[in-house]
Structures are given as C-alpha cells and as structure tokens.
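Across the two complexes that follow, subunit A remains constant while its partner is subunit B and subsequently subunit C.
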Partner chain A sequence: MADVEFHKQEDLNDVPLEGDITVPGLKTEDDEISTLDEPVRDTILRDVRAVGVKFFHVLYPKQSKALLREWDLWGPLILCTLMAMMLQGDSGDVDSTSDGGPEFAEVFVIYWVGAVVVTMNNKLLGGNISFFQSVCVLGYCVSPLAISLIISRLILLAPEQTTVLFVIRFILVVIAFAWSTFASTAFLSDSQPPGKKVLAVYPIFLFYFIISWLVISHTHS
Partner chain B sequence: MGENSVKVKMADTSTWRNQESKHPAVVDLDDMEMEIVDKDDSDYETNFSDSRPPQQSQQKSKEGVYLEDMRKRFQDNVTSMMWQAGSQQAKKAWSIYGNIDILRPYFNVEPHEVRSRLMYSLFPQKPTDHRQRVPRELYGPLMVIFTMIALLLLQMKTADHKVEEGTLMGTAFGVCFSYWIGASSFVWFLCYVCNCHMTMLQILSMMGYGLFGHCIVIFLGTIIHTSHDHLFFYILWAVFGGISTLRMVCIVISRTHGQTQRMFIGGAIAALHLLFLLYLHFAYHQVVEDLSQVFDHMPAINHPAPQSLPQTLTETIVEQAVQGNNSVQHIVRS
Partner chain C sequence: MDIAIDVDDRSSKKKSELGFYEADNDETIFDKSKVQTHTFTSFPEGAEYEPQDDEDETEGDKSQLLEEGKKSPSFWTFEYYQQFFDVDTNQLLYRIVGSMTPRPNSKYLKGYIRPNPDLYGPFWICCTLVFTTAITGNLANYLQTAGKDYKWKYDFHKVTYAAAAIFGYWWVLPTAIFGLLWWRKSQTAITFLEILCVYGYSLAIYIPISILWVINVMWLRWILVVVAAVLSGLVLVQTFWPAVNEDNRKVAIAVVALIFVFHALLAAGFVLYFFHSPAPATTAAPFIPVSPVTTTQNALSESIKQTVITTASANHNTTKAAF
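Moving on to the complex of A and B:
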C-alpha cells in the first residue's frame, strides 16, 4: 500500500487499478509441457498419428474410449470429403444435365445432417454423451463404407460390368454396412440408456443404410 | 481546445450525458471555463502572449486527459458490447439445450411400446362412446418420418438417376416434414373448429404413426417393380393406406361430438392422408419411369435427360399425336 497516491477529484476516474493476482498453491502455465517452441512437424505428426489411431480403432472395434475421450472432427471431415468426391458423377458426359456438383452437396448434407439427427436422438432418449463426441464416433465409423467405396470404384473400372461383379460389390457393401453399424454401437453402447438400445440403434442403422445405398447405387465409372 | 471538446462530445455523447447526470456541477464548471478560455483566445491574441505557455501546457495535459478518457470510454463500450453479444449467444445456446429437456418426456418410451403402437396403427378400432387413447410421443413418428425420407430417396434413385439430382435429399426432407407439420396443424385447426378433444402433440403423434402404412406401400412399391401396371400399387394403396387412414378416422370420431363435425374432420383426414400417398407415388416414382419408358420406345427423339417434366410431357404428347395423325392419313389413303 506504499504507492497509493491521492489524486485530484477530476483525475480520479482516469487512473486504472492494476496488478497481478497470484495464488501461491495454484499451478501456473509454466508447469505444463510447452508446445509453443516445438517444431511444426512434430505438432502435425502428433495430430496425424492421433487421427490414424482412431481409424485403427474403428477398423478393429473393441470397447475403447479413445474415440470418445479425445474427439476430433478431422477424420469425419476427411472421410466425408473423400466419399463425396468419389461419389460425384462424371462431368465429361455431354448428355448429362447435372455436372456432378449436386451429388457432392447431397453426400455432404446426408453425412452431417444424419450425424446430427442421430446425436439429437441419442440425447433425447437420455444418453449421456456430448454432441461432438457422438458426431466424431459416427463420422469415424463410416470408414469401412469408404473402403468399400474405393474397392467398388476399382471394380467399376473393369471394361465389362457383369452380374458377378455386381454381386461382389453388393456383398462388400453389405459387409461394410454391418461393420460400420457394429463399430458405432460398440463405441456408443455405454452412453446409451439401458433398455432403449434398440431405439438408439435404429437411426444409426438408417444412417449407414442410406450411405451404403449411395455406394451401391453409384454406377458411374 | 473548444474544437477538441466538441469532438469528444460528438463522439461519445451518451457517456457524457451519464457523467453529467452523475456530476452535473463539475461538468458545468468545465464547460463555462472552456467558453471563457475560447473567448480569451479570440479577443486578446497578441496581448497575452506571455501568459500563453502555462495555458498551453495546461491545455495539452487536459487534452491528454480527455483523449485518455475517450479511449477508456470507448474501450468500456466495446467491452460491454462484446459481453452483451457473447451472453446473448450463450443464452441462445442454453435455450436450445433447455428445449431438448422440454422435449425429453415425449421421447421416454420403451422399445416394445413403439413396436405395439406401430402395429396398432394398422388396426382400426371401432369407435364407441369411450374415447380412444392417443399417446403423446414423438420418437415413433419421427423415426417413421426418417424411414420414409430414406425410402423416398431410394425410390427416387431407382426411378431415375438424373432427374432433380441435386434436390433429392432436400425434396424428400421438405415433403415429409412439411406434410407432417402442415397436415397436423390443419387437423389441429379443424379440431379447434369442430370441438374435438385433441392436443397438438396427440395429433402429431397420430399423424406420424399413420405414415407407417405409407412407408410399407412405398417400400413394397420400390422393391417390386411393375412398370406399367398401376393395379399393384392401387391394391397396396387401398389396403395399407386405407387401414391406417381408418385407424385415424376412428380415433377422431371417438373424440368428437356431433355427426356433421365427425364427417367433416374424418373426411379431411382421409383425403389428406390418401392423396399424400398418391402424390408420393406419382410424383417421384411412376412419372419418371413412364417417361423413360416412352423415350426408350422412341429412339427417333433422342432427348437428353428431361429437365422439366411438364415440358417434356407435352412434347411427347405432341410427337405421339403427329405420329398418330400420320398413320391415320396413311390408312385413309390406302
């Protein structure tokens, strides 16, 4: 209190009160590991590794909390863009009136609106999960379907499309659909209210069903 | 100095007023003093040259004080504005979360309840004096509608790949939800007019479960293709559409008094429900398929994919008429 000065009446309003508030027991930011002075490469690689680990968890689904604990939207964004681009129609077709653009938007909208609807349904049924956690899980669990889409695009490159090839594609997509549904229910099962699992799973089933229909009905090579 | 003070006043009138209301005496004195200084400047520019330096320094310090004051006020204003905007957004987000809590009771159902309600939406009960119970539940109706959107998407995709490509999803969403909410609002209005004892939620629930029959018809119509034969669809329409409509009409009749009112409201529901199914079938399925069939049979008209249905329809009709005319002329000549 040594440096308190008495000011004139007119100047009193102009002097701001300044100072630091430090609490002795509290941890300051210096105690944590600083990521400010590490190379950018390390930061990016760490994030990429985290996304990769999550993809692995989806492809080998067991009861894991990694997807729920550290959610991110990178994976869903990448998958969504990838699928939308691959499902886009041919623009070189002269007869086609659509340039393929709407297909991109359609896939994009189905992807995100579907995830939001499923999440809202889960919340309304009384599930204890945060919004983005659920969107993250649903987004990552599309990866089996994305793989099946890539393979079916490769099959579509064949010069002649036969029934056998279609059956192969169909089986692939059905397996991927089952895989996606199973993986997402495995991750979300803890957060769903007991006794209402069927009600929570139904919209998930519908969501992946629509996406797999998009994959199987896509015939532009 | 005078200019400066005017600028400050113009820039920040509101806070000045506040200050005036808080310390009226001080500000008045200040203003008076400034006026006097201004007069001094204009009247005795040369005579009082000796007394200028102290005045100027005083002026400068006062200017600094005012600028500082202005900056501080400006800062305060911006801070408060930001705070207000932020808190408004937070309130909005909170209210959305609150709305979820409000809706939660209507989603509190068991799986077997949903199953039995779906089943019973296809079993009309004979209306008696006893009022039929209508659940206040939104899970079932919403899921039925989402299923219908999915089925409509499938139907559109199988019917033709290119027509209205970009708006498939939006159309399906828009049609289903606007029918559900619009028809329910209309029925609610009729209920109000005809003194029928039903709340909006009960109507929404009833209409939603009523769409289950539509889902079955659309599904069967999509997987079983009978290209030019509408008989199969009409049978499905009459059976499934009919029983789900009958179910709703029975519910409404059991909850309304008076013969005229019953007929009025029952007729309105039946018309809405059955016509909607016809619309869904013919708007998104059969017309497109018919058109593609027509184009397949007439290789001479090598049209691109139809952009607008009415135009192409009239074109085909004209073409066919011309062909028919030619053949008639041919017969007459021979």
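Moving on to the complex of A and C:
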C-alpha cells in the first residue's frame, strides 16, 4: 500500500497535474496590461481620464478619430442628467404656478431619443458608422451647450433681468450651438457618401437647435 | 518575495509544457477533421445532392438579380428600410419645390416621386414643422405680451400638441385615403408609401409659413394660411384626382374636397391654437376650428388687465391637468 502511494506521489511530482484554460491560437496575456490586480482607483481614474479626453476633443474639435474609436456613454449620461436637472421646469403644486418648462423626463427623452433618431437617420442614409459610436459623438457634442446653460443660469441669478443680459445669453447660446454642430459634423460627416452629406447634417443641426431653444427659453433662475 | 519568484518559475515552466501539449492537441484535431471529411464524402446520395440544389438556387437568384436590377430585402432587415432613405440632396430639394408649385399639366406623383418614394423628406419635414410651430408659437406669444405688464412664460408642451397634430395628420389621412381607394377599388395603383410620401412633402410649405406667422398681424396670418393651403392643397388634389376620377362623380369631388379642406384646416388650427393670444382657447384642438365664444374670450383677454389673463391661463391650466 505504502509503496503504491509513494509511487503515485512521485508521478505527480514528475508531471504536475495542472493546466491552463487557454484556447490554442489566442494571444498570451503578456502583451496586454492586466487589469485584474490593479487598484480600483487606477481603473476608475483611467475611465475618468478617457471621458475627460473626449470632452477635450469636443471642445477643441479637430479631425480625430479618438472619439469614434473608443466610445462610451458615460459622458452623454453625465451631460444629459446635468442638463435635464438644470432645465426642468419649476413644477409648483399642480400646474397653476408652473413655468411651462419641460419636465426632467422630457429633457431626458429629447436628448436620448433625439440622438437615437439622428443616428438611425445616419445609418439609414447608408453611413458606415456603428450605432453607439454615433450616439456617443452626438452626446458628447452637447457639452458646449451644457456650458452655455451653466453660464446662463449664473446670469439669471442677477436680480434684474435686462435686455442686455438677454442679448448676452442669446449670443452665448448661438455660439454654443454653432460649436456643437461644427464639432459633431467634423466627427460624423465623413461617414456619408458625398451626395448625402447635407441630408445627414440637417438632422444634427435640428437636434442641437432644439436643445439650444430649450437653453435660451429657460428663463427662471 | 520567495513565493512570488516561485510562482513565476512555475508559470514559465507551465508555458513550455503547454506549448508542447497545444501542438499535440492541434495535431489530433486535424486528424479528426480529416476523418470527418472522409465520412462526409461518403454520405448517402440524398444528402449529397443538397449542396448542388443550393448552388442552383443561388444561380437562379443571381440571374434574377441581373434581370430586375435589385432585389427587395426582407421586412425585418435594416436594408429594407434603407431603400426609403435613398435620396440625395438635389432630389430632395426638387421634391420639396414640386410639392408647393402646382402646374396645370404636371403630375407630382409621376414626375417627382416615382419610382422611389422616400421617407427621409416627409419625416424630417414633420419634425421640423413640429418644432418651428412650437418655437414660433412661443415667440409670437412673447411678442403679443411684450409691452404689457404680464410675466410671459414659455410653454414647452406646445411641442407635444404640435407633434400629435402633425404626425397624426401625416399618418391618419394617408391611411384613410389608402383605405378609401382600396374600398372603391381604384384602378390607379398608388401604394401606401407613395401617399405617405406625397402627404409628408405637402407639409413642407408650412415650415416657412409657420416662421412668418410670428409677425403679429392677424390678417397677414390668415392670408398666409390661404396661400399655403391653396398652393400645396392643389398639388395634393392634382395627385389624387386621377385615382378617384373613374369613380362616381359625386364621390370623387367629395373626396378631393375633403383632402383640400383637411389640409387647410390643419393650417387654420395652427393659427387658432398656437398664434392667437397669451391665453389660448381651451377648446381649440388643432383640427377643430374655434367656436365664436372662445375667440371673443381671446379678444377680451387681450384688452383687459393682467388679472383676467392670469385667471384665464389658470383655467386653461386646470383643464389641461384634467386632461
């Protein structure tokens, strides 16, 4: 008995019974950064940095594919929630004191459904861009308008609303609108065949125009 | 530290061993597949003929493709919907201009829409019209109350009403006309898509008109309504006249008249509901003309003080809540 057991152990020592669940033909893990054993802080910071880089690309638009290659929906989600919170009407008790502004959900729906419809339009026209890439770009490109909304909220804090202040807000929103449209077309219009560029850009224009209208119409502080 | 080195040692050892095993595995798999292909070739005859049938089918498809030029894809695929967006910019502009210039001898359907009716134009025309109506309606509202002692507030929910009215009009009327043509067994083969397309484009003229409605002069607005309704309504009537022509004369005239009247009513409803006064009439749905009572109420509210207006708007709001 003892002899046999000893023999078995020796065998085990010679050929250790261990394996690896690797599919033949796949790359080994050596050439990739392992994200399993890094601190959580690093993981979060890397994602935050990626989102930050994308915001920078939108605010300083130049022909770059970074926004397209690695899409995420964090930025759009943050922007959307921010804008919906700032734009939502003061709902008052029932309706008598409300200011007629949109509800939170209405802004939210306009933002996402708008982005989806514009993307679908892009795809239906024959553009070669993936669905989420386009939604990501459209979402990120709202950021100039979000900035203009924040500034106009600050302007609205002034005790007396004069025409001059309104003109300032108006100019701000117009600049932000042009900026948003320009940035998103810089990223998206390449994906269209030549005869259809205008057809693809028009819905984008309309989408940002509507959001600009929401921003400029928001009159209560 | 020691343990870590140990682990590294082990893993490196594993790899070399694994490399060996992998090669071995591959070989065995290759062998298996060889064996399998061999058994495949010795399948019974019925099974063997199947791939040949497939080839025949694909050849048939190819020849069909060559004959027809294009095959229509399945309803559930994305490509099916892409064919409705197959327009370019010039074609779109041509169609929009065509929809608002009635000419005595030109057929809008034949000359502009066929053979490929699109949905790009109609859809975005409707979207644009929804927002231009809502935005300019608010703007007109603001201009009307600008000089007065009345705190203006914008009404976002005009978008909802405008969307309901416009998209409703765009879908309900074509469905009704298509149903009618089918019921009367009309000989002219107009597809549902073509009707939808013509109706969508017929709304295009209301976009510039709705922007011009901002000008706060009531008679000018009504003149614009008449001009727009006549221009695009005539194109609509011209388009659908051949389809109902062979039918009973009375029915044909009634149908064409109804098409025109509904088209004009849409515009009239816009003016009455969105561009009328700071406290819009409570009963004015976009399709139904406003009763005289509400118009006098509006006239009153324009002239009387702020208190009256606020109560009226409160009324309006409560009824809205009741809805």
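In this text, the second predicted complex is superposed on the first by the 179 of 221 C-alpha atoms of A that agree within 3 Å, B and C clash if a C-alpha of one lies under 4 Å from a C-alpha of the other, contacts with A are read in each partner's own complex, and residues count from 1 in each chain.
The working rule: a residue touches a chain if its C-beta (ideal position, glycine included) is under 8 Å from a C-beta of that chain, and two chains touch if they have at least 3 such contacts.
Every value quoted in this text rests on a predicted model; they were computed, and no experiment measured them.
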{"item": "Subunit B versus subunit C as contact partner of A:56, first or second or both or neither", "value": "neither"}
{"item": "Partner chain in contact with A:170 - subunit B first, subunit C second, else both or neither", "value": "neither"}
{"item": "Touching partner for A:105 - first (subunit B), second (subunit C), both, neither", "value": "first"}
{"item": "Partner chain in contact with A:196 - subunit B first, subunit C second, else both or neither", "value": "both"}
{"item": "Intersection of the subunit A residues that touch subunit B with those that touch subunit C", "value": "89, 95-96, 98, 101-102, 106, 121, 123-126, 195-196, 198-199, 202-203, 206, 209-210, 213, 217"}
{"item": "Subunit A residues within the subunit C interface of the complex", "value": "18-20, 22, 24, 28, 89, 94-96, 98-102, 106, 121, 123-126, 195-199, 202-203, 206, 209-210, 213-214, 217, 219"}
{"item": "Subunit A-facing residues of subunit B, complex", "value": "26, 65, 68-69, 72, 100, 103-104, 107-111, 114, 139, 142-143, 146-147, 150, 153-154, 157-158, 161-162, 165-170, 304-305, 307"}
{"item": "Residue numbers on subunit C that touch subunit A, as the complex places them", "value": "14-15, 18, 22, 25-26, 78, 81-82, 84-90, 92, 120, 124, 127-128, 131, 135, 138, 153-157, 314, 317-318, 320-321"}
{"item": "In the complex, subunit A residues that touch subunit B", "value": "9-11, 13-14, 16, 89, 95-98, 101-103, 105-106, 109-110, 117, 120-121, 123-126, 195-196, 198-199, 202-203, 206, 209-210, 213, 217"}
